[in-house]
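Two complexes are shown next, each including chain A; its partner changes from chain B in the first to chain C in the second.
On to the complex of A and B.
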């Protein structure tokens, strides 16, 4: 049975979830930009712009402590983080390019060893995705196999309707449970027409063909042509819903401190630098090549998934105008 | 294969027992890990690495210079080169450290059994290969001829020199030492060749078809030695390279040590030259 929820009830739902002591995170105007931030009330939810950074930080924070150490009676005591204290969380209002990213990242977070920080947050989270009607000309989710109305990754999926309400579909048991626990906010019925999606400039890409080209062109003039201008600022990685590399550093003294895991970027010059001074990726175009290779070849080789949701954030943010969608189209259009 | 550890990011405590300077910037540290660490560490295979914590500085990946001793202590040969090793070198006996691991894959010992082994070490590359060498010499009858070719920049930077010479004197090891150059004052003082490792290899006659070669050294060394070894008749599957990369998490997630789709910390640090053929950035 299809269900709908009015905009007011969606905001009421947030109020209720906050009262239930859940951490509710959604797009919120923060200063002059929209970010995924904790919502104090339903009125905080802003659904008219794609948040500047992706929602991956809900599961994989920009920076988090992974242990603390303290010298006690001559011995060094190491304390793990109590992950059972991570809050029950509802992510609300994430478009498919964000809602879909944890489903991609689950693979790398649980392949050889489990990343208990990420996985505990995943277990405790419910994702309420929303069909995207706000796309702009940097969007290319269709090109990488997603779509503005793709439900993948969402537990509950909302589709904006012309009358301002939302059609609801429980995609998973978690989504079903969320609806069941707040049944009075949802009404049966199919509702009015959905709001139309924005057309995307980039057509669907042949990802198999692109991967094959990458396999055969590790050395190619293309890399210098497109990536010698890269300034290595790392913005593309930091705002990406799928980039997941990180660094680990200690902060504190020899007697007392914490070890922190924090985002890193393969575009940074020192990302692969050895203490000896040797750097396997010694020039910028090799670093940018790694970004493309990782997203469209290596991750697929390893986990059978593309490490990109087509959100277009890296295109919007790049200070020198590198356009990943254009690069993919170029490769897609190559004869050999 | 999923590992059973629940908290692979948490180091075990370890105490610095002893330190011995091997050269002006390289020291052999003997550490005693706490009891809880011993079960995991006892599974150590030469070529694997551990993450050593120096409180206040951070963690570094180090490939132990020998298998754990019967009492569980471990030898780590570390050059003072970055901010963590800088602080480590300032530590005195009794200092509190941390250790986790071992991680990655080591040398395929079972497969190497009964075969001649040629170890090629350049500079600090002797450290990971020393654990393999000690294993081979302890299980001497299980392997064919064992040869070590070790090159250092100059005589005073040659590590474990006396020890290696003594091992060679027992007859179980063929040892060839070389230095890039020797200051004039040392003439006659050292009995080693002057020249690069590939020069040593050039004049070396060996059973290339059956030999396993194990290589560790500075980055430029690999490409050149792999070519020479293959030319001599050693199959790429039996050329084992212990690679250096910036391994941060050690457990296959942070991406710092990626070589193409492979990760040095999980798939390596010991790779067969044949595995790396399709990965241009590996060597």
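On to the complex of A and C.
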């Protein structure tokens, strides 16, 4: 039976979840930018703009302690982080390009090593995705196999309707449980017409063909042509829903400190710099090549998935206007 | 060209103004590549998306014929001439498209012996302004979409360029938003001001875009990348973020030319140019010095004079 929820009841749902002591995270205005932040009440939720950073930070925080150490009576005492204290979390209002990213990242986070920090947060989270009716000329989710109404990754999926309410679909058991526990906020029925989606400038890419070209063109003049202008910051990687490289630093003193895991980016000159001083990716265009290779070849090789959701954040944020959709179109159009 | 002869104040800058500059840039760039005055030209090419542009390093007359200038040409291209980008351009004299604000960075880099004037062919742009971040890219520049730094521009003319493209035109009646914001922050009690910056820096993700686009962040070993031992916490946390931005502001004092690229590229909208502008004010008051107006032998913080003001030592 199809169900709908009014906007007011969606906000009431957030209020209830907060009362249940769950961590509720959703798009919220923070200063001049919209970010995924803890919502104190339903009124905090803002669905007007794609948050500047993706929702990956809910599972893979920008920075987290992974252990602490302290010298006590001559012996070093190491304390692990108690992951059982991670809160039950509900992510509300993530469009498919964000809601879909954990479903991509689960593969690498549970591959040869189980990243228990990530996985524990995943186990304890429910994702309420929402169909995207905004979009601009940087969006290209359709071209990478998603769509403004793709349910993948969401536990409960909302579709904005023309009368301001939302059609609801429980995609997983977790989503079903969320609805069942708050049944009075949902009403039976199909509701009015959905709000139409926005057309995308780059809608079709042959990802198989692109991968094949990448396999055969590790060395190619294209890399210099597109990436010599790259200035080597980490903006693209940090705001990306799929980039997941991290660095580990011990911070504090030799007697008392914390081991921290935080985001890293292949654009940085220090990335893969060996202790000897040698760097196999010695110039910027090789670092940028790694970004494309990782997303459209290596990750597919290992996990059968594309490491990009087409959210367009890197296109909007690149200080020098590097446009990944344009690059993919260029490769897609190549004859050899 | 006779850019100084007259100045026009208008309410909007039409695409035709930028198209005329585009034509002039193409003509010069093609010429200096053809006659081998330069090995390459750093300019702008149009982006895929409407109303966007990207820096470009062109080496053939054919490519130079596609260069553009539009309100989307926001980048300070002088960053490509610094040693942070070494190896990207061939050795030899280089042509560069420069707005007045970019010229200040070039003058500063010459002052710091990073560039030699005779190694540059500067195609100056008489710039009426560029788009602000996230502003509507309509092709026409108005009060509504002009960048904050351009509202108070004092360097519309690219003084010292080899050639200049454009006629002096400015938008009329622009409110000095950044100066007003500065005044607002300066008037805050210290605790409130501290809270203002703490809040902004708490959003910093340490993507280093501010450093990477800065013409003056050309250190081969940035203090903030040091990890043996660590000088500034490299993890994106409030303490390290604060340290990073304050270290950078101090290091740019007397050097920053005010292009505000750091602020433009910040994905978290941290108003970094306010810090640089505050330091510039300090330099003006203490040493009557403005960075990057002209190349000088040494900046005030690179030298010691017996009659320097010592009153700050307590």
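Heads up, the rule we're going with is that the second predicted complex is superposed on the first by the 336 of 336 C-alpha atoms of A that agree within 3 Å, B and C clash if a C-alpha of one lies under 4 Å from a C-alpha of the other, contacts with A are read in each partner's own complex, and residues count from 1 in each chain.
In the analysis below, contacts are C-beta pairs under 8 Å (C-beta built on N, C-alpha and C of every residue); 3 or more make two chains touch, one makes a residue touch a chain.
Worth saying up front: this structure is predicted, and the values here are computed from it rather than measured.
K.L.:
Have a look at where A:233 lands relative to chain B and chain C in the superposition and call it first, second, both or neither.
P.N.:
Second partner only.
K.L.:
Answer with first, second, both or neither: which of chain B and chain C does A:325 touch in the superposed model?
P.N.:
second
K.L.:
Just to be sure I read the superposition right, which of the two partners does A:260 touch: chain B = first, chain C = second, or both, or neither?
P.N.:
Second partner only, chain C.
K.L.:
According to the stated criteria, A:46 is in contact with first (chain B), second (chain C), both, or neither; which is it?
P.N.:
Neither partner.
K.L.:
Considering only touches as defined above, state whether A:138 meets chain B (first), chain C (second), both or neither.
P.N.:
Once the two structures are laid over each other on A, A:138 reaches chain C alone.
K.L.:
Could you look at A:317 and tell me whether it touches chain B, chain C, both or neither (first, second, both, neither)?
P.N.:
Only chain C is touched by A:317; chain B is not.
K.L.:
Is A:12 in contact with chain B, with chain C, with both, or with neither (first, second, both, neither)?
P.N.:
A:12: touches no partner chain.
K.L.:
If we overlay the two complexes on their shared chain A, which of chain B and chain C does A:249 touch? Say first, second, both or neither.
P.N.:
A:249 sits against chain B and chain C alike.
K.L.:
Which chain A residues come up in both lists, the one for chain B and the one for chain C?
P.N.:
Of chain A, residues 247, 249 contact chain B in one complex and chain C in the other.
K.L.:
In the complex, go through chain A and note every residue touching chain C.
P.N.:
So the residues of chain A touching chain C come out as 30-33, 35, 52-53, 62-63, 137-138, 201, 228-229, 231-235, 237-239, 247, 249, 251, 260, 262-263, 265, 268, 270, 283-284, 315, 317, 319-323, 325-326, 329.
K.L.:
Which chain B residues qualify as touching chain A in the complex?
P.N.:
Within the complex, chain B touches chain A at residues 1-3, 5-11, 13, 53, 55-60, 81-82, 85, 87, 96-98, 218-219, 244-246, 248-249, 251-261, 266, 280-281.
K.L.:
Please output the residues of chain A touching chain B within their complex, sorted ascending.
P.N.:
Going by the criterion above, the answer is residues 66-67, 69, 71, 74-76, 78, 80, 108-109, 111-116, 218-219, 244-250, 252-255, 257, 259, 261, 264, 266, 271-276, 278, 280-281, 286, 290, 293-294, 297-298, 301-302.
K.L.:
Per the contact definition, I'd like the list of chain C residues that touch chain A in the complex.
P.N.:
Within the complex, chain C contacts chain A at residues 47-50, 52-57, 75, 79-80, 85, 87-88, 199-200, 203, 205-209, 211-213, 225, 227, 230, 233-237, 261, 264-265, 267-269.
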